[in-house]
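Look at the two complexes coming up: chain A is in both, with chain B in one and chain C in the other.
For the complex of A and B:
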């Protein structure tokens, strides 16, 4: 199993781990097949992410992806976050092997969920929907 | 951002996957790099190679207490296992015939058995206890009039549990059925006196006990009926056609010779066991840890552990990034979450079956390496658990 330097770095030294106090929005995506999950917590001011943290369960690449995304979106406007697709997640992670590709979907979906939840005033909690990564 | 790689530490705890060449074995092989003759040739070049092949055969035979002509060289464990199973079934007058094996065999046995099933034969895959042991009575209960072979591994490659092969072999012999054991994980690591055991066929491979890769052997006790898989030459008494892998055979012989002397000195076995116990005690200080397989029946030096809440892949990677090499039994893909068939057979719940790590120690593992490993495991497990959602749904 090979990993990009970004994945090794963020997996070994994860950034922004933990829950935020009084988050403005939360998001949760899980893959019911492989079991991987990412929970995001964010503070948002004027549609701009001022802080984002995560908790996650999963494989090496999933955990690293969560850390990479929280670092990447801090300071971004929600419109820019909404534009982060699978290809961008792959770029941010420095590339995935075929068996790691599901992390791109997981990453894209959790960011879209974050934006959607904030704009609709909803949050993914315990009953957050599980989305299937294909 | 500080980069934690690369680590200058290099601790190898994956000896059940493969072992490094022992210096004695390497020296022996290096010495014979120019021994290029074909052992089947009648001239002196051939004779020189033939002498080395036969010397190696005697070394294998001495290690296992069999006759030299009962040693058939192969390309390794998988070929030996295929030859044993398909080769015995091919001699059967029954169509279909029946084979008994266990659910926790190596894939080379399980896939070979599935191949037989695809060709109309019948296979019984015996379950194991929660500790990983095959019940000999289950073997007896599953005998059929057309049972042609019983194949149960000596020690499992993931959990190291040693099976009651003496009892199972005795049941097989009482029923007039040949008994094969996959001893890939035990040859060279513990004494095996085949002459004193009810074993007709035994598979081994050199690279699990400090020999080279690509070479192994099948022990075929005299009188055992078996057909070759590879045709086209009279090598290996017609059971394995093809010019011999002379250098590999020399390496296998040297590894067997080394093991013969080391096994005579119990220090080596107690060394691995003492370090395994040290590792066990250190790891069990963590919460949410479970040992897989009955520790009272495992090969020396192997410890299979599950860490609740963490994927095995993540722990193995975290250790690898810190220079510690171990194995995990599970694989992660978006389209499937595949647990080890051994963990499934043990009856492990989802909570445990995807979080397994195998530590396998070797002759040259040190106490300091074990202490470093314990410290890193604690650090890694605590770090990974700190990321865990409190509402984890798996």
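For the complex of A and C:
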């Protein structure tokens, strides 16, 4: 197993950790088997993310991914957030080994859930997608 | 030349039969080395030590091991678990996890050195307790390919290197007992057949054999080896005595070859039952039983309390773990099997602690899948 410099940095010095007071939207993805979980909380003004925080549990790469994504999407318009796919998550994280690859899916799904929840007003917080870590 | 942990692991048969005083002197030496490393390399842990006024020089006698600051096992679930790590993150080789009923995983990070030591130690333990060097393994659990980071599966998987054939019978979180019977019949007169798995799944196989009135007689040196706890995810207990009786009745395996193991992913300690059904703490590890109302108080042999495990194999983090398990040191000295040292007995989880282990997580998921299948509307 090896970690990219970005993962090492964000795991060792996580950014934007914690719940946000009165968030405009929350999102959650989790894996029922391996247990990786990412919760996002965001403030949004005119469809633009002004602040985003996270709580995450699981492997080093998933914790770091959550931190990396909250830093990356702050200031972005929701349309741009919705376009962040697995390839972009991998790029932001500086690459994943095969055993860390599930974090790209987790990252993509939690962002899509965030955008979807805001646009549909469904601040479910505990739905999100379920996938199996490989 | 200085005695190292690697030398002790490599000479397990000799070390586990040394007179206790000699064994304890060597253990103290190993813990001094390991504690000094974490004290120097890990600022978070050093702060805990300083708060308690403990430094490497404090470990003068074996009795002083009880002063080593313990890390509560739930720290491994925390998002800031990076503070536990004593080595650079780029040396982490393996992340092993366990998820209990609470859903939040506990993740233990092992570096290259710890992974090497643990792999050698587990193989040495398997050879010492079972003497297995060939045969076929029926693994009633998912494969490591399906669940690459699951602690219980990883521990079982190390048996594969000393077996000639193997199969994993939990696929896509479903288990079919008839498939297990097919394999056992297929291997008859070709391989010595061994069965590995958590008690709840072996119990499922036995229930199926009972219902279908299937009686097999496995081989004289066959083993049934269990790991994962005797409590089901719904809180129900699996009775050990009835379990052993059914194994004798339906699989024809001698009671002394039915062996349970106890461990947790946060530690490299795996306590294995000998032929007298006593779970031996590996001779390089040390178990300390703590008063549940004050974890600073160490309890004597045969007193029940919280189980703390001190493991000098770990290089990546201080593996001095205060678990959420309750049990006792059943015996400390020579066992009729010839091994000397601590014999541990697990009783239950601490009050308020979640049911936390890989087996519970597998069982819960299998049963959920089965419930979904049963509730499916018929398609016309």
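Criterion: the second predicted complex is superposed on the first by the 125 of 134 C-alpha atoms of A that agree within 3 Å, B and C clash if a C-alpha of one lies under 4 Å from a C-alpha of the other, contacts with A are read in each partner's own complex, and residues count from 1 in each chain.
Rule of thumb we're sticking to: a contact is a pair of C-beta atoms (placed from the backbone, for glycine too) under 8 Å apart; a residue touches a chain by one contact, two chains touch by 3 or more.
Remember, predicted model here, so these are calculated numbers, not experimental data.
Following the overlay on chain A, a clash is recorded for the pair chain B and chain C. Once chain A of one complex is fitted onto chain A of the other, the partner contacts of A:63 extend to both chain B and chain C.
In the superposed model, A:2 lies in contact with chain C only, and not with chain B. When both complexes are overlaid on chain A, the residue A:12 reaches chain B and chain C alike. In the superposition on chain A, A:55 makes contact with both chain B and chain C.
Of the two partner chains, neither chain B nor chain C is touched by A:75. Of the two partner chains placed around the shared chain by superposition, chain B is the only one that A:101 touches, whereas chain C remains out of contact. In the superposition on chain A, contact is made by A:39 with chain B only, not with chain C. Comparing chain B with chain C, more residues of chain A are touched by B. Annotation: chain B segment clashing with chain C after superposition, chosen from 27-35, 171-179, 243-251 or 279-287, is 279-287. Shared interface residues of chain A, touching chain B in one complex and chain C in the other, are 1, 3, 8, 11-12, 14, 17, 30, 33-37, 55-60, 63, 99, 133-134.
For chain A in complex with chain B, the touching residues are 1, 3, 5, 8-9, 11-15, 17-18, 28, 30-31, 33-37, 39, 54-60, 63, 66, 99, 101-102, 105, 125-126, 130, 133-134. Chain contact summary for the complex, chain C toward chain A: residues 77, 79-80, 82, 89-90, 92-95, 97, 99, 103-105, 107, 109, 147-150, 173, 361, 365. Those residues of chain A that touch chain C in the shared complex are 1-3, 8, 11-12, 14, 17, 30, 32-37, 55-60, 63, 99, 133-134. Within the complex formed with chain A, the chain B residues making contact are 1-5, 309, 311, 313-314, 317-318, 321, 331-337, 350, 354, 383-384, 386-394.
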